[in-house]
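There are two complexes below, and they share chain A, which is joined by chain B in the first and by chain C in the second.
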Partner chain A sequence: MNVTGEVGNFTITVKEHPRYVDMSKCIACGECAVKCPKKVNDSYNAGTGKRKAIYVKYPQAVPLKYQIDADNCIWLKKPGRCGACVKACPADAINFDAVEHIHEIEVGSVILSPGTSFFDPSDSGVYGYGEYPNVVTAMQLERYLSASGPTEGHLVRPSDGKPVRKMAFLQCVGSRDRNLCGNEYCSSVCCMYAVKEAVIAKDHVPGLEASVFYMDMRTHGKGFDEYYQRAKNESGVRFVRCRVNGVEPEGDNGDLRLHYVNEKGQQIEDYFDLVVLSVGLETPKPAMELAERVGIRLTSHNFAAVSDFAPVSTSRDGVFTCGTFSGPKDIPQSVVEGSAAAAVAAKVLSPVRHELARKKTFPAERDIMAEELRIGVFVCHCGSNIAGYVDVEAVADYSATLPGVVHVERNLFTCSQDTQDLMVRIIQENKLNRVVVAACTPRTHEQLFHETIRAAGLNEYLFEMANIRNQNSWVHTGDKAAATQKANDLTRMAVAKISWQGPLENVVVPITRRALVIGGGISGMAVALNLASQGFPVDLIERSKVLGGNGLHLHNTWSGENVPLRVAKMVDQIIWHDLVTVHMESEVIEAEGYVGNFRSIIKSRNGSELTIDHGVTVVTTGAKRFLPDEYGYQKYREVVSALEFDKLCEINDKHVRKSKSFVFIQCVGSRDSDHNYCSKVCCTHSVQSAIALKEEDSSRSVYILYRDMRTYGQRELLYRKARELGVVFVNYEIHGKPKVDKDEDGFIVEVWDHVLHRPLLIHADMIILAAAIIPSSGVKKLAQLYKVSLDGQGFFQEAHAKLRPVDFATDGLFVAGMAHYPKPVEESIAQALAASARAATLLSRDKMTLDGIKAEVDPEFCDGCALCVDVCPYHAITLLEKTDDKGDVHKLISINKAHCKGCGLCQGTCPKRGVSVAGFSLKQLESQVEAALAV
Partner chain B sequence: MMKSKTIGSVLVVGGGITGMQSALDLANAGYYVYLVERSGAIGGAMAQLDKTFPTNDCSM
Partner chain C sequence: MSFEPKIIAFCCNWCSYAAADLAGTSRMQYPSNVRIVRVMCSGMVHPELVLRAFNQGADGVMVLG
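Up next is the complex of A and B:
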């Protein structure tokens, strides 16, 4: 790949490697792989299993098309030698003559997301990896635990296939380790995956003993600490804070002996069936080469260099990065950055939005309401996938006898392009008004057939699939007669259901192309600025008298960037931007509406009210600091919180000047029974303050009393630097919190020393408390106004922890920054940019089309009992009261179709047949069940 | 010198969860997206995971 040009107008050369399988012909039947004689280590399974030289990466792969591994294919190595796949392929898809193609692409922006690789312990042979078969990496364990893995989820020892009874996880292999591999940073994800794998392994094998050997348990994300505690207290995973000295084989039966020093200082020897190395993340070599070709700067640890205030922008203008390329991170943060990169990439391109995007056009729909049933059934062979185990000819003959069916076809591959064209012709020639395809799964193919019948002038919902492959031929390979019978049954049910289906209309919702952003901190400003720069007007409301939020109290980001300067610049941009309207000292007092069509009333401190119509709502209300009630806080002026300490240092306060000994106490109000979560930023903050104290005067004594030092990612280098400067780190546990006593000379802090195994008494002149971050006040009211949820801790609840990290479950609402969970500046900004990218997917058009599978009320039966109102997860149902001519009041529900997702919970709950989902009416389901039973 | 024309398309290199998210958001906002993936299928490292932390959702 080669990149020339500049922002807005790049020319990229991309090399496409030959696949040797014609994608337009391959139907992923797998016959080729069955016949291929060449077995290869399967990298998808992290080398735990084998695949063939012709393969599909994994069963759910997209595109689901086979490819030939040129390095291992016998024919490609020596033409004429094999060719088994050519003979096996029923679709004539193999092409050994395929060559590479060079494409030249013109684009306005470039986004690099080459991802990560895992540290490979084989070269160093650390902990006997490569030598002892029962030492595996975490990714290998992941595959052993997976139902699609080499052992179908059965946890057995690689050496002898015996069930695993006792396993150990060794953390930080290839992370936080200068000596082994130079990866000094923390990989940020291994603690989480180890805890998860331990819990899942224990689920798979009752009675399994799982131990995790770690240095610091870094479960700092949202909901992570709770999971860690459940793993410890409910699943019974054992956590041992120590570095294991060595792994050795115990005899020759595959058992492994670990020796380590436990928390009590005892030398322990323990035996395990399986040892799992929690290997760290690193930048893969091809990604480094990519960086060089594109011309972007990498950090000393080979991650893409970015700024905390522009977390997805590389050193080259117009080239962006997201995900683990700019530093190790977990899935939610990677997904956030994926959206964030879209937001910044779109910034430059907004003037030419919609210029190149293409839209499909379809003919007008035929009105079929007055027509008699004319159902067409298409029975698919799927090569031999169905036809090999089902008598498809019999199924076709049987289908022709079903009521309403006027035409039946059999196709080798119903999904192939030529069959699609044929289907359009057949539908038109035979005036079919409903279509059933008996083939594979609607999950992958329904959309395709919807488009096919639309192309033939039919409403797309006049379509039904009978899954006679995944749910039939694939699972009944040994009994053709029964499988054929079942295919008949499934087809009969589909025909029965579609007979009662009429055309459905897609729901079209207009969009007000304006955003409301609630909260003018760093996140809120970042959202407003990005949306405005994409051309969308924004109303930004702020409760206080100043913009900047918690950013106003910070000095440096973790990497040392100056916060006040950057915040001042943002405020300036906000104030001067034509498209941003700032409403200071204002709060939302009323809100109504739905995606694309919100109406909020805001009230300012002087009492004036303003109504704002907006298409999207972004909540960036931030968080606030917890006021400690222990360690003598607010009793002694030398006991201060971290932010207060920053201020004292800034004004060169005499207490700081005079003090010779400083004690930082971590997790004050975090990770306890009141706030059962990690505040994420405090470890780094204290380490930075400690470094500053030491750098200013190395004779000062600086102690940090911590529970787990959570300097994740590249912050780990700060932790190392602090230790090198002589900052003393003392670990304490929740049941042995430090004790603070005042004496005439200052303070005595008593804490249990886990290295010396006796209490440590530290003299302190100043005590700095790393106070927790807690939800902002007023969030409950805001959550109620917009009908969004809060999590158990009082932060806003996103739609999905991994895949929709800035969306609310209700469409058109987004969250960013500390309103979602405590987080540092760069993560807040990434989330803010992500929220604006997500918002832009709506604001970029004047209307949106939603599918027609929505709940409908039958006013004849609905008596307004409202049972469905509570079960609806999308807040789509409201209870109305109607007064009839006689003056009687009737209750009735009403569905907001923009909110409804057609899940059917209302229909399942309704005792009166008062509500049903279009396309799944009770009549349809009934006839389907009747058809199932009618043999 | 005349400024070169702005092109309303984006190249995304890498079809893991992050690249797919970028591509989807851009396409849904009206830009043409080229998604380039080195291997034979998109999905990246997440597709190799059995379940995800902390919800134990299936990774697929």
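Up next is the complex of A and C:
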């Protein structure tokens, strides 16, 4: 509602809308929605399906609790008229008297992340949307393709439910379009989502024909270009570069007719079952209103205004943003910015870190090792969710007969607070030493019960769940006898497994609260500055004699911010910061250790070595420029790379001064066989240079020869500006690269013109090559030292492209900047801040607790064959050799529990039963299988 | 009486086990012959375990991950 105060001391006013369902009581059984008579359009399914007025937004919603849509609920419109949900709810969770609440919250920093909405084509009726049922948006297609969508993933035509055989994607609907909607920017994500949806659709429907009609294929993210090529070459998606004139109905059977001009200049008429509009991103209206209330500046396209050097800071001090609110962007970049916003927010909050933290206390653990089995089984009714389909009394009676079981209890809701208290009492009174709960799924409730039995003085791992709801009562609703039998079996399996379970200790790892940052470019400096400002000491290693990396070669960011000034300021801050130690002309030569406990040895050029103990490692080694070997580069001084051209312009070089015709050639070394990826920044760079040339002297001829113009996001406005200034853009394809010939007047560049359909000869005085960005030298060695992976192109491989974009698969190691993939300044800084936030989650503690589900060695059986060493994905296993008194060598593996994730690949590989995962040992799994098949 | 197979399914906690839970949330109905054993990764399922299941009377074994 409102944000008053100032950085470090805000008061925010929040309005909480009533949900009409008591979250503490709702068990998400869904009975209410079954009985609710009111059907409404389901906005989650983009209007492709229906939901009830009482609903969960989608099946995976967190928390999984129902809510009432007040605009459609019959009772809330006219009290007394319905109330079906009240009668249906077994947990008495419906509360029609709920009212909205106004909360005032004191905070130090604020992060705005209101997200995006999609361009709605129904207002303009573009391409017949709203008129022809078989014209849908990409968001609607997404729901049709989803297994949880309205057609359970079957691709059918909305008009008649017939299977789709031929579909077309129309790109840039509501993006790059001043006339239709004023959204001049590129939405950045639609090319990639269309490619993905086309591939998925073709996977779903064998023989499906999918065509994508596009202007420029903007697949500029990491791995995206390869995906695009696979879509084209392996999946057989057809890509046509053209703007479709219009969509018309063909007859009255729902078919659609498209008119377009193909690459050869021919007029084509084609027919499709389904036309998908790749709609662009827009700032939702409530987000704009929020911006006004909070008092932050928006750009002319209604995105939050940010600086390239502070990409998640809004115009109001202490108010930060992340995701699509500051411009269209994809999931990886949004996730990066989420962490980045956390880093800058934490910088404000670091002086008061942990002040509001509270600690839970538990009684001392009872030693049960000498005790006989005393298992307690708690069978949950879950209201009627289990009891309605399973004879729970029979399950309870049966459980009492199982070996080791001394106490059985039935509960209406085992997870409710009063039952938790009851469980603690029962465990203590009956001296239970193992507990089985037959109820829902351990994935949501195991943690809760772990705490319950800890509260009763038991080790938390002496617990097992039998999943008799999600995997039984809910999926066998029509056969009570079979469901009861299965519930008996599942309980028996759980009892068998827990019988072999002993107490486990959580692994506690100390943390050295110091960071090592490798590489002193913009990213490395941004990491060092953020971590230091949060109070953590940092060692920053730079291989060269200067800080700044590739930032030293740049003039302006895409939005026109001066790079040298900002880099100089960063260098200054680094040098004067008490907590940052800079090691110039140094490289890592040895590294060992694991999360929280790394030890690296660095060597400087003068030969001196230094050992550094650090808790986290951040790799920001950057990238380097590719030296082209085509178009006469290094042969003619008038053929230069983009960075060299910048330098020549800066010194007012005579070649530039006297030249009248400039030709920029894009994708030199990029998107080619050797470097099969997009270097991401070159299109914008060339467009900016071209604009500068034209603004300086409009009589100059400037040509940009490109494959796809990838001025994504708000950069699109630069592309428009260049065209308005008279820069000539000529598209070429990889199989028809431009040819450069030298004559006495200069150069002749020959390129096939796709509009004129004939070769174009351009006279050029200077040729500027947009050369690729390639991985830094020495990355292989560094990757080996820290046991992290490189991708196929030689850039560092993050743990997960979308969900963990700055983490390595190995804990405690992070990556940022161009070491990860070529990217512009603001994306490097966002990633650097994200890596800082991730690093700070470790550095803010002096120790961390990991769960006890870890591999253990059985020295009696392990013969040191080391098969497990190679399969361990976390490098947690090492082979030890010991020589005994007689001089015999004994081999045995050793497990680093800080590295081990308990996946058990070792257990699955070991031929000798020498290693097993505690809590999932072979003995336990065998006993479960045995129990499952016993009856 | 018709043949009722006994099937053991080893399900990875992070994918197929979660999927089996989701099938429940979505009330998808399927035959009750399968008994799921939760594992932390399908890679921890030792071949011996599969053979043992068959040996003890399983008609089918699924390793899902």
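One rule holds in what follows: the second predicted complex is superposed on the first by the 935 of 935 C-alpha atoms of A that agree within 3 Å, B and C clash if a C-alpha of one lies under 4 Å from a C-alpha of the other, contacts with A are read in each partner's own complex, and residues count from 1 in each chain.
Methods note: a contact is a pair of C-beta atoms (placed from the backbone, for glycine too) under 8 Å apart; a residue touches a chain by one contact, two chains touch by 3 or more.
All values reported here derive from a predicted model rather than from experimental measurement.
Residue contacts after overlaying the shared chain place A:478 against chain C, while chain B stays out of touching range.
Contacts of A:905 after superposition: chain C is touched, whereas chain B is not reached.
In the superposition on chain A, A:60 makes contact with both chain B and chain C. Of the two partners chain B and chain C, more chain A residues are in touch with B.
In the superposition on chain A, no contact is made by A:164 with either chain B or chain C. In the superposed model, A:29 makes contact with neither chain B nor chain C. Using the contact criterion defined above for the overlaid structures, shared-chain residue A:377 touches neither chain B nor chain C, since it reaches no partner. Judged by the touch definition given at the top, the superposed model places A:489 against chain C, while chain B stays out of reach. Shared-chain residue A:920: touches chain C; no touch with chain B.
For the contact definition in use here, the residues of chain A common to its chain B contact set and its chain C contact set are 60, 64. By the touch criterion stated above, chain C contacts chain A in their complex at residues 6, 8, 10, 13, 17-18, 20-30, 32, 35-41, 43-49, 52-53, 56-58. Interface of chain A with chain B (complex): residues 1, 5-6, 8-10, 12, 14, 19, 44, 46, 56-58, 60-65, 67, 105-116, 139, 142-143, 145-147, 149, 153, 192-193, 195-196, 199-200, 221, 223-224, 226-227, 286, 290, 322-325, 330-331, 334-335, 337-339, 341-343, 345-346, 348-349, 351-358, 801-802, 837-838, 840-841, 844-845. Remark: chain B residues 4-14, 16-22, 25-32, 34, 36, 38-57, 60 touch chain A in the complex. Partner chain C is touched in their complex by these residues of chain A: 28, 30, 59-60, 64, 148, 441-443, 467, 469-472, 474-479, 482-483, 485-486, 489-490, 493, 853, 871, 902-905, 907-908, 910, 917, 920, 922, 925-926, 928-930, 932-933.
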